[in-house]
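The chains carry the letters A, B, C and D, assigned in the order they are written, with residues numbered from 1 in each.
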Amino acid sequence: MSGAVSTSTEDVGFAKLSRLQIAWRAAEMIPDGSFVNLGIGIPTLAANVMPEGKEIVLHSENGILGVGPGPAEADRDRDLINASKDYVTLQPGGSFFVHSDAFAMIRGGHLDLALLGAFQVAGNGDLANWTTGDRRFPPGVGGAMDLAAGAKAIWVLTDHVTKKGEPKIVEKCSLPLTAPGVVKRIFTDLAVIDVTGNGLVVREMVPGLTLERLQEMTEPSLALADDWKELSVA
Amino acid sequence: MPIDKIVPDVAAAVAGVKDGDTIMISGFGFAGVPNDLIHGVLDAGARDLTIISNNAGTGTEGLAALIGSGRVTRIICSYPRSKGSDLFDARYAAGEIDLELVPQGTLSERMRAAGAGVAGFYTPTGVGTDLADGKEVRRFDGRDYVLELPLRADIALVQAYRADRWGNLTYRKAARNFGPVMAMAADLTVVQVREVVPLGEMDPETIVTPSIFVDRVVHIDNDREWDI
Amino acid sequence: MSGAVSTSTEDVGFAKLSRLQIAWRAAEMIPDGSFVNLGIGIPTLAANVMPEGKEIVLHSENGILGVGPGPAEADRDRDLINASKDYVTLQPGGSFFVHSDAFAMIRGGHLDLALLGAFQVAGNGDLANWTTGDRRFPPGVGGAMDLAAGAKAIWVLTDHVTKKGEPKIVEKCSLPLTAPGVVKRIFTDLAVIDVTGNGLVVREMVPGLTLERLQEMTEPSLALADDWKELSVA
Amino acid sequence: MPIDKIVPDVAAAVAGVKDGDTIMISGFGFAGVPNDLIHGVLDAGARDLTIISNNAGTGTEGLAALIGSGRVTRIICSYPRSKGSDLFDARYAAGEIDLELVPQGTLSERMRAAGAGVAGFYTPTGVGTDLADGKEVRRFDGRDYVLELPLRADIALVQAYRADRWGNLTYRKAARNFGPVMAMAADLTVVQVREVVPLGEMDPETIVTPSIFVDRVVHIDNDREWDI
């Protein structure tokens, strides 16, 4: 995996991950053989950086199992798009099915994992990712609540702070919830953090970042895992 | 008399659509949207419509055109706002269209319930969120579920790939999406297809929507790209 | 339609229909273009005597639309049987689907008509056809309750009286119900009777039978339709 | 590592079946019954089983043999008694097997509910009958419905026609019946198929049970007629 590392204008001594790098970090951790849904936003990028040597089956809630990477422009098919409405391909072994079956897979607990975006995640795993509460714009929920309620595990992929620099990992979500207490792991542009019964535990941080500095950008208390590692982008 | 659900044109396909109707429209994003049938409804002039569809239309044609026409007073969908949903956004901002937002899995399951004679079902989706406000919540085996009710329509407009005169349907790739459940859930199911084949030519193992769910089929061989 | 007419040993002056003739009479009345389920017993026979010139699509609850008549012995396929577990064929335009979809068609009101057998039918349309209540034998319900609750119309095909000569059309079912108030029309070996809001109305009787004699074999009061006809077997 | 759900033999396919398990068995009449897998369970020696199947077996092999062995203490089905169901009939008459009789549409819908994460649903089937005794009845839009709960199993034994190493399945004719809903409703779904094909050879439009619902596949090319 190669890619440009963006540098922060405010912070020195560490570099934030790009969106694609966040997706890559999460993709690397997906267990071999998993059936996984990729939500809108950063998670969708993971389809293009799936780990080599593993066979992971990607699910799209519009009725696809075995989603492959985006096609060359000449190979685009208007009948073959993912839940983000991006053109995709189908892997050998893939299948198409009706929407209600796509969500039977989700709600019925058949998906091993869903990677979702977030506006806010709380220390207890509460997820808010469907509406900013701005009443000038119509809200859109899509499959977010089904995925949050139904997948065996939920990982969130997000920037660590908002564009205004406010924490997205919060004590309590101020935005309307997608589902309570569902998030198990958070991948940000700065760290990989587990949501545990004993609070948030940092597993990885980007090189040069300190727990103290990360804590300043995070509302709930962070603990550092005994075996924490640098978040290194290969 | 041979059963023949093939009708000659779009006007015949949507004949009978009337003011106040609830209309399901298949498609997810730009895949599987029955644009010709939608424009048939627009041409038929019906007003005060309720639309049930995953999205609220983008660009200037298809569902966006119908909404832009001011004939839609209410929409039930999961994800109305997308890049290009300006015609919907404007109506919404002006308070000219009611929105019932439904989680996508609940939306398709409510359609299936209507089609399958199920009067209600309990889903874990939405529990503890604003979208469960005012709904019955009930605990089964230590987990909370929301009661959701079936969603019916007067007419379903569906895009499929291939049909025969009985109304058997196959779809193409991700354009299948809501088609099969909408076909079950409407009093009148109208389908536009790219190919009509003689009866008996469709492999009985591979038919996705069996004939019993379909009322009218119109063949649209035009392959134009819509502004949606 | 040709077929032997059985003669009663007790009654003179009229002849009872055979089981196949009952099925034929009902089949003749099925509206053109209908989607119809044929229940176990006499109704199943109707598949072999469907009216010519009409296109009627037969549904079987084990996942078939477009059931055709039984095959020649050499053409039997162990994967192609109907709900009565008889070998069948598939008509052009037929389809196969999962059991849950077969019953979505039934429960969801998509079937125009179901032809069912009966142990008892009451004057108000109550149907009892799933258990004789004999506790020595395990009961079996199959799809009877779904069909009775879900099809747009229920016609019953049955002998008029039991082997012991007791009425099967009764004031009130003594056997456990399959569904209350669902039967719209009754085809017996003696008559065709409509279940109406004003009671049972005889539409047809076999030649030589009188309303008085039919009433003796029927518990609820029978009225004769103004336009009643002889039940003639072509 | 490539996903490979193909196991070498019946013993490996049913490995882990244990006393007290609830087992779904596909098939309607003699079509679609996974007889080899059933005999695998018999050979594995598990006892005190609950069987969920439309019928209760006929003849001397397959489900009838399992029931005849005395290892089944309970059966949930719609139609146990058929011509040739003597082994079940004898156990039933002797009070050695519990029977939960479920209307056939409710049986398949309860399986689908389990597979689809639905905690309960309201059906019109059975209202006003003995089979609704003790169940919640609720009125929607002027009609009564019975609340039915999902039906799960520890293991589903399914007969299908063709599979690949991911576990995608197609079925053959009316042998499809309960297979697809049972595959959704069990913790462990085990399938016997007549053909295994390389990944990518199955048409993605015609796959009936997508891979996600399947755990193990065993290839049985023996074509013998069972006494069932």
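The rule is short, and it goes like this: contacts are C-beta pairs under 8 Å (C-beta built on N, C-alpha and C of every residue); 3 or more make two chains touch, one makes a residue touch a chain.
Keep in mind that what you see is a predicted model, and the values were worked out from it rather than measured.
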item: Target chain D, source chain B, minimum contact steps; value: 1
item: Graph distance between chain A and chain C, where chains that touch are linked; value: 2
item: Remotest chain, chain C as reference, centres from CA atoms; value: A
item: Interface with more contacting C-beta pairs, comparing A-B to B-C; value: A-B
item: Intercentroid distance (Cα basis), chain D paired with chain C, Å; value: 30
item: Rounded Å distance between chain A and chain D, as computed from the means of their C-alpha atoms; value: 37
item: Multi-chain contact sites of chain A, meaning residues that touch two or more partners; value: 90, 96-97, 100, 103, 106-107, 149-150
item: Residues of chain D whose C-beta touches two or more other chains; value: 109, 112, 116-118, 123-124, 171-173, 204-205, 208
item: Each pair of chains that touches, named by its two labels; value: A-B, A-D, B-C, B-D, C-D
item: Chain D residues touching chain B - in the complex, by the definition given at the top; value: 109, 113, 116-124, 138, 140-141, 143, 145, 149, 170-173, 203-206, 208
item: Residues on chain C engaged by chain D in the complex (per definition of touch); value: 60-64, 77-83, 85, 90, 96-100, 102-103, 106-107, 136-146, 149-150, 176-180
item: In the complex, chain A residues that touch chain D; value: 32-33, 35, 53-55, 57, 59, 65-66, 90, 92-97, 100-101, 103-111, 149-150
item: Sites on chain D touched by chain C in the complex; value: 28-32, 56, 78-82, 88-89, 92-93, 99, 101-106, 108-109, 111-112, 123-131, 171-181, 208, 225
item: Residues of chain B defined as touching chain C within the complex; value: 1-3, 112, 114-118, 164-166, 168, 184, 199-200, 202, 204-205, 207, 210-213
